[in-house]
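Before anything else, here's the structure in question.
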Amino acid sequence: METKIKKIAILTSGGDAPGMNNAVRAVVKQALANDIEPFLVYEGYKGLYYGNIVSAKNINVDAYVSKGGTFIYSARFPEFKELKTREKAKDNLLKMGIDALVVIGGDGSYMGAQLLHELGIKTVGLPGTIDNDITSSDFTIGYDTALNTIVDAVEKIRDTSDSHNRFLMVEVMGHGSGDLALYSGLATGAEIIITNEQTMTKEEIAEVVKNQIYEKGKRSVIAIVSEFIYPNLKEIAAYVQEKTNVISRAMALEYIQRGGRPSAQERIWATLMGIKAVDFLKEGKSGIAIGVTNSDVVATPILKALQAPRKSNKAKTIKFNKLNQA
Amino acid sequence: METKIKKIAILTSGGDAPGMNNAVRAVVKQALANDIEPFLVYEGYKGLYYGNIVSAKNINVDAYVSKGGTFIYSARFPEFKELKTREKAKDNLLKMGIDALVVIGGDGSYMGAQLLHELGIKTVGLPGTIDNDITSSDFTIGYDTALNTIVDAVEKIRDTSDSHNRFLMVEVMGHGSGDLALYSGLATGAEIIITNEQTMTKEEIAEVVKNQIYEKGKRSVIAIVSEFIYPNLKEIAAYVQEKTNVISRAMALEYIQRGGRPSAQERIWATLMGIKAVDFLKEGKSGIAIGVTNSDVVATPILKALQAPRKSNKAKTIKFNKLNQA
Amino acid sequence: METKIKKIAILTSGGDAPGMNNAVRAVVKQALANDIEPFLVYEGYKGLYYGNIVSAKNINVDAYVSKGGTFIYSARFPEFKELKTREKAKDNLLKMGIDALVVIGGDGSYMGAQLLHELGIKTVGLPGTIDNDITSSDFTIGYDTALNTIVDAVEKIRDTSDSHNRFLMVEVMGHGSGDLALYSGLATGAEIIITNEQTMTKEEIAEVVKNQIYEKGKRSVIAIVSEFIYPNLKEIAAYVQEKTNVISRAMALEYIQRGGRPSAQERIWATLMGIKAVDFLKEGKSGIAIGVTNSDVVATPILKALQAPRKSNKAKTIKFNKLNQA
Amino acid sequence: METKIKKIAILTSGGDAPGMNNAVRAVVKQALANDIEPFLVYEGYKGLYYGNIVSAKNINVDAYVSKGGTFIYSARFPEFKELKTREKAKDNLLKMGIDALVVIGGDGSYMGAQLLHELGIKTVGLPGTIDNDITSSDFTIGYDTALNTIVDAVEKIRDTSDSHNRFLMVEVMGHGSGDLALYSGLATGAEIIITNEQTMTKEEIAEVVKNQIYEKGKRSVIAIVSEFIYPNLKEIAAYVQEKTNVISRAMALEYIQRGGRPSAQERIWATLMGIKAVDFLKEGKSGIAIGVTNSDVVATPILKALQAPRKSNKAKTIKFNKLNQA
């Protein structure tokens, strides 16, 4: 039953992430290598609804192999929750003879893919988000590049903090997942790492700063903090400065974390997942989420993927803080 | 009279800047190459006052050739305005037989060098700040690296803005000088560049965003804005979003702009200026500021350097905006 | 029996690799966090023999968190194969009360660790080499950074090849393992990937170049080739140029592949492995090789690790070539 | 007479260089901003001859602001030396109503522009080459990025050389100009810098290596050598190794030097020169070479530009060697 798929469309949805372009490229090229015609849907589910769909046959997808963001764009489109909207999207695909769709995005995007699957479109989801918050995959497309971006930024901040004998609090993204904070903290030797599962009071923070500067003789202290934990980092920094007499500042890295040239691993895994998406569709699979588990690209039913419990970073946060403060 | 200088000390002062380490290294090595003993003063004028001065003879300064920040540290020390403080600093130098001092920093640091010169210490100032706001030099040590850092960051932000069809306002440093905003705006093709001499109202900003997105068909709009102009960029972004229906965000790059590996030009000019500082001291010069004018390393009396008028960026800001909006 | 270890030494051996410094740092800090005194052995087994061993207690290992190479140096030392040499090395450790040793390096270094284990020293091996040729670990310390370096270099080469309509052959390291070629080829979309298990004749190479340029309309063709396969790449390029009329060049990336700031993943896994090395030694384990299997840090007896068969890249090389040529 | 120019074409010629795309973009956008229609000529003079010329009106030139190489391609075309060839090229321009041409390239490309000028086409040359060998400009488009690329590569090589206590010879481009070697050597602290005007015998090289390693206690020695000086660097390295007992290697950076994202300064100056090209053409100027002199964008008659004498790097090579060996 392998050869039934004739045309595959692909879209990106949710927040952009480096590596999305590599996944799109892999789907296009693996389709071509299997005599399937690839199509690009611009602006995610919104484009699906409005019929913004073009053949990728003559598009040079190789040109995007080193480009951040998503060259087929993304957009918010809450209207997709309505059945009528989805049915129009389905019709748009069928009108063009497209029987399968690859969706790259986060949990919300997966839900859209599941609902289209229930309407009869063959769908596969790929985990695309820098936040590493998709539990059905060991890591997500975008995560490795964002980690490298944060590491680079924190090291620039370390230069200044060392020069001026300071405490710097740096807020990073994560959308509820502490992985970006936890592992960028490990990678940079941040003396303080704060994730959702292991937070600290401002008094505790001041205590560590005091200890690191005055007891351990550190020239500077860096705290990496997951977003959405503290309402105002600058206030905490002001408190720490007052308590410790160490000049203290706070900042957020914000939008620099989402863009940028994809790292080598990003490209490799995004490409491997894109290849697998086509392979699975060829096998007739649908309603599945692709992910990396134990260094292997595997598939899970989307419904199951959405219910997978999130691992807590509590123990690791404690352990890495201990290491970095030693 | 050339050979009178036996020992030269060096310090960094004010905000850290990439390339400071290359200037320090050049002073140390050019001193050694001329049989002069080099000394490092840690923590700027504060270290000079407290006698935190060590011979650089056995310090491997080459190790810092690619390192951001300043490895001899910097510190605020307003007490240096008092004569008594400066006299103690002078005594610290004389006690160690040091007759000359190289100061790397901004205008405030130059003033300290001038006052020490008036006390009889031979002093030379080098322009060290990312802000490019020292009028006696075509550019300052740190400026080129900071420009590259901003360009990198803005391009990451562009990826996300393109993906999501957005307007992004990015605040950059400059400390009253618009050069970082102006030239990073030119380098990245930012559709809006705002410097102190050529600002825009929020209404005007909204107008450009509307034109670029809806008339010119741009996928995204970036504004690069000098610091200290608007009290709250996020409010302006909210206004623009309301007026244009283009999703709009604002952020500041903050401390990532000051650190980082020095660029090639940074190292080259910092090294050339460091060499020249030693050469001038050998010639008996003192109370001078070193800078680059017309691609040449030259010296100006510090008092004159401090009075040089700042060039206005008004005409260039208008011109570059016109180009980038074309 | 946990607390018997009082002092742990660490050395790096074989070719240097980014991330080695992070592993050293992790061993030092995890030791300190567990009240074990860490020692650094300079220049690998050579330093062990000559007693070049110092306490790391007062060494600021955090300073090397972003530094390539190995700050405790490496050296060739074939003399370590002799029993007398190893016994002196053992004595040097025992004299200083050091009862455990962590060795970071490749297979040859592991053998040294095994032999010391047989002499009664508790030893643990960490996989440190850019070549990813240690079969007991899914990847080695240094591999991810080298991949990123190759990707960056190939993209620069792509710029020139695109501009001038050329075929470029790029030789990369690997020491018999094709992983660097295979995965950098996947990451960059190299039209030709050649690994030891799947080579091509010059006639076949010319055929692909012809097809890609004249049939597929590619502006340039890149071949990534593992080292030690062809005696002279430039001759092959000359042949291809003659046969295809496409200007063809060949070059080797050589030593730029081994150095450089460690990537985020490099630091993370090197640190996790370094932590685990101390944890295992605390548990009384010895003669073991640490590696990453299925995203987990695990231990294997060194003798078993050295015998693990190498996976063939043949099928993947074929598959990735097909994708990139599609 | 200002408004006579209605259409301007642009081409890139000779070796590609980062920043060429920024110059092309600036010409296009400055033309648009002045109601002039811009045209792109693909593949340099070859495309001019074959009529490969398209309007840039609807091409998104902003997309290339951060891209290396030249997106309008380059090609060798010695046939342009023949008058008949040039007359056909001229006719191609006139047929499309194009009365002015901007040429980005090196000396050879300038000569082509001069000959077209003599045929009545208004021409302006911009200095595009990484080699910095165009004497009518203080620096060329591509030079700054290539310098940064070399500095990055040399620092990776330094990591390995330090780890293994080695001497490494690194050959860099320059095409007869020593600037890339000279200034990358200054920027990286290379112990040996060899330019065309100041070479060393292998005996002298061995002497410096011996002194730096055994007297100065350096862990490694790097030599940066301009291309085309020694027939075989590997032989020299072998000689040095034999004489000094320091393991010695040699390599060439080759094609990685020409590609890559343009640096901030590259983009800025390429853009300023591109703007000026249009401004000069609007003023009716022709047969001129644009360059940067004393931090200002200026024009010189091409014939004069081609005759400007090259400055010798001899004294600077000696001076920088002395500094780096101190």
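Letters A, B, C and D mark the chains as written, and numbering starts fresh at 1 in each.
Just so we're on the same page, contacts are C-beta pairs under 8 Å (C-beta built on N, C-alpha and C of every residue); 3 or more make two chains touch, one makes a residue touch a chain.
Only a predicted model underlies this, so the values are computations on that prediction, with no experimental measurement involved.
A.B. asks: What chain is the most remote from subunit B, judged by the mean position of CA atoms in each chain?
C.D. replies: C
A.B. asks: From the C-alpha centre of subunit A to that of subunit B, how far is it in Å?
C.D. replies: Using C-alpha averages as centres, the distance is 35 Å.
A.B. asks: How many angstrom between the C-alpha centroids of subunit D and subunit A?
C.D. replies: Going by mean C-alpha positions, subunit A sits 39 Å from subunit D.
A.B. asks: With chain centres defined as C-alpha means, what is the inter-centre distance between subunit B and subunit D in Å?
C.D. replies: From the centre of subunit B to the centre of subunit D is 28 Å.
A.B. asks: Which parts of subunit C, given as residue numbers and ranges, touch two or more other chains?
C.D. replies: Answer for subunit C, listing residues that touch two or more other chains: 155.
A.B. asks: Provide the full list of chain pairs in touch.
C.D. replies: A-B, A-C, B-D, C-D
A.B. asks: Which subunit D residues qualify as touching subunit B in the complex?
C.D. replies: Within the complex, subunit D contacts subunit B at residues 22, 25-26, 29-30, 32-33, 62, 65-66, 138, 144, 147-148, 150-151, 155, 183-184, 186-189, 218, 263-265, 267-268, 271-272, 275, 294-295, 319, 322-324, 326.
A.B. asks: Under the definition above, what is the set of subunit A residues touching subunit B in their complex?
C.D. replies: Subunit A reaches subunit B through residues 12, 15-16, 18, 43, 67-70, 73-75, 149, 153, 155-165, 168, 219, 249, 251-260.
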